[in-house]
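See below for the structure under consideration.
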Amino acid sequence: MLHTINKSPFEKNTFETCIRFLMPGDPLLFIEDGVYAVQSGNKFSPALEGVLKTNPVFALRPDLDARGITAIADGVECVDYEGFVALVEEHQVNSWF
Amino acid sequence: MKIGILLKEGPYNHQASDTAFKFAEAAIKKGHTVDAVFLYNDGVTNVTKLMDPPQDDRNIAGRWSELSKKHGVEILACIAASKRRGISDDVLIEGSAITGLGTLTDIAIRNDRLITFGD
Amino acid sequence: MENENIKKIMHVLRHAPHGTIYTYEGLEMILIMAAYEQDLSVVFIGDGVYALKKGQDTSGIGIKGFSKTFMALDGYDVEKLYVDRVSLEERGLTEEDLVVTVEVLDAEETGRLMKEQDVIIHH
Amino acid sequence: MKIGILLKEGPYNHQASDTAFKFAEAAIKKGHTVDAVFLYNDGVTNVTKLMDPPQDDRNIAGRWSELSKKHGVEILACIAASKRRGISDDVLIEGSAITGLGTLTDIAIRNDRLITFGD
Amino acid sequence: MLHTINKSPFEKNTFETCIRFLMPGDPLLFIEDGVYAVQSGNKFSPALEGVLKTNPVFALRPDLDARGITAIADGVECVDYEGFVALVEEHQVNSWF
Amino acid sequence: MENENIKKIMHVLRHAPHGTIYTYEGLEMILIMAAYEQDLSVVFIGDGVYALKKGQDTSGIGIKGFSKTFMALDGYDVEKLYVDRVSLEERGLTEEDLVVTVEVLDAEETGRLMKEQDVIIHH
């Protein structure tokens, strides 16, 4: 099951809610304003580090670029829209807003 | 692979419509079939032909219309959601249609994936 | 063989009622899908649990109420109603406060159910 | 007292439009003048006459139109926001009009209060 | 300055953000999904108690009724739309979403 | 006497750019209001500070960028730009990361400014 999150962790509780339901090993993809979660050195970095121990974490590069986020937490893999499709090929999708 | 898309927000106000479009394009480019884009909640406002954004901006309704013409993607707006929000056959852009939630159920059943974009 | 066409579809209700239309339009979707004999389940997470709160009276805000429609789900053979335990507790609510009988699940149980689904739709 | 209202979300999807209407009604009942309701962002979709909700539900566009007729409240949609979202003179309900953001500035200046409803 | 909040404190950070900027004595009115903040015995009750020490707190009764919220924190005054207008008569408005 | 018609109007930008249109349409409103010679101020709170982040390149998402428009505000005589200190710190950002020169304020200072306003509009 691929989980996607499109909300900034600062503004809405989507990130904190979603990670409670993640099963170990399931991929997590941040898109749109969700990508702020992978910016290194922000308030949510410790929570993200916890997720990275058990789950592969991805972020949509076009959304990172659009927001000027260049400092990205170690272990996060950046993908483009094609990579997003590749993840959907492998998994059913759970889109969290 | 056959993919259905559910889009739950209107154009411009939320990025959901843009991401859905970019995803659909990439899926088609990778050889997949995008069967249908079903519009729900404010999503139904994606297909009004009265949309007239600034010249240097994308035309979101026009873009969905093109996708439908080029790749046979059905662009379908939920009838109940459309009626609430003033979307009727009179303003529908070419390549889109109004239909019921039963169609969404069919889309969910007949596709390998149903992916939601919203807010 | 027939079972091959039955899909596991989960609806996740996460919004409080009335402030936005998501829960109401979500419920409209669930009622239509119920006629298609798929394997449906409905999960209430976060403010979604407030949608089930007893005693809602919307006459003052001029919006049609719908909490009683949840009671009708049983008649549509939508019987798998799950509520997230933490969401309930954080809001100081218990099963007694809800208009329907639900199964209260821990996040891990819900997570396991999610993993089994073919389709998940958040409202 | 003279009051202006700024409404930033569309009908039905968010309660903002309902609260703005109830507030306007109550202000008028208390003897105040509601000078104008200015529609911005998705708020512009409040005034399409194509809106056709279920019979037992409120008609939000119709309600704004009535308020305008009865109490002289101007219902004004921002032109740039309207163009993006497919709201044009063709679909405008009676009592509403499309105008520029300069008008909102005038409303802010000439009223004792400007109160925003949004999401 | 009258501050209004229309978001559930559970879903969005509006409540927590707004109270950082409240000046002592300024009234705070909860409307729409914001009224969940005045439900007694929930996770945000301690934060609300803090606000009640320095600011008058109101909640829109039609919105409480619509949501079936009957257990309300001590010190919160319920108003109808007319009471909302009365608060606006006395103050300029700062509407937080 | 003229001053009686000058209103203190504050715009509060609280959304990240691109995910929603609020910041962009907020900026459009600010640019129009700037022509009316009112006493305008703009405050960035919460994710609103991300709107000022340097190095935004929106070509990949197909949406027009607008962070450079903030640099033009000065030319419109919109000079009162305030950023909330806590919002900046929580996001691991400093003034160096922003496309324009702003004044960083504590919440109490911003609260005092808010109290002086005739009109406050959140975007």
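We call the chains A, B, C, D, E and F, going by the order they appear; numbering starts again at 1 in every chain.
As a working rule, a contact is a pair of C-beta atoms (placed from the backbone, for glycine too) under 8 Å apart; a residue touches a chain by one contact, two chains touch by 3 or more.
These numbers were taken from a predicted model, which means no experiment stands behind them.
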(request) Would you mind checking which chain's C-alpha centre is most distant from the centre of subunit A? (result) D
(request) Report which interface contains more C-beta contacts, comparing D-E against C-E. (result) C-E
(message) Regarding the subunit B and subunit D pair, does the interface count as same (over half of residue numbers shared) or different (under half shared)?
(response) same
(message) So, comparing C-alpha centroids, which chain is the farthest one from subunit B?
(response) E
(message) Averaging over Cα atoms per chain, report the distance between subunit B and subunit F in Å.
(response) 33
(request) Averaging only over C-alpha atoms, locate the centres of subunit B and subunit C and give their separation in whole Å. (result) 25
(message) Between subunit A and subunit D, what distance separates the C-alpha centroids? Give it in angstrom.
(response) 38
(request) Spell out, as numbers or ranges, the residues of subunit E touching 2 or more other chains. (result) 6, 10-11, 13, 32-33, 62, 80, 92-93, 95, 97
(request) Identify all positions of subunit D at which a residue touches two or more other chains, and write them in rising order. (result) 12-13, 15, 19, 22, 41, 57, 80, 114, 116, 118-119
(message) By the touch rule stated above, which residues of subunit F touch at least two different other chains?
(response) 18-21, 46, 61, 63, 118-120, 122
(message) Going by the touch rule stated at the top, which chains touch which?
(response) A-B, A-C, A-E, A-F, B-C, B-D, B-F, C-D, C-E, D-E, D-F, E-F
(request) Using the touch definition up top, name the residues of subunit A that touch subunit F in the complex. (result) 6-8, 10-11, 32-33, 36, 39-43, 45, 61-63, 65-71, 80
(message) Give the list of subunit C residues in touch with subunit E in this complex.
(response) 15-20, 46-47, 50, 53-61, 63, 65, 67, 90-92
(request) Spell out the part of subunit B that touches subunit D in their complex, as residue ranges. (result) 10-13, 41-42, 45, 48-54, 57, 61, 80, 83-88, 90-91
(request) Using the touch rule from the top, collect the residues of subunit C that touch subunit B in their complex. (result) 5, 7, 9, 21-22, 25, 28-29, 32-33, 35-36, 38, 118-122
(message) List the residues on subunit F that touch subunit E in their complex, please.
(response) 14, 45-46, 86, 107, 110-112, 114-115, 117-120, 122
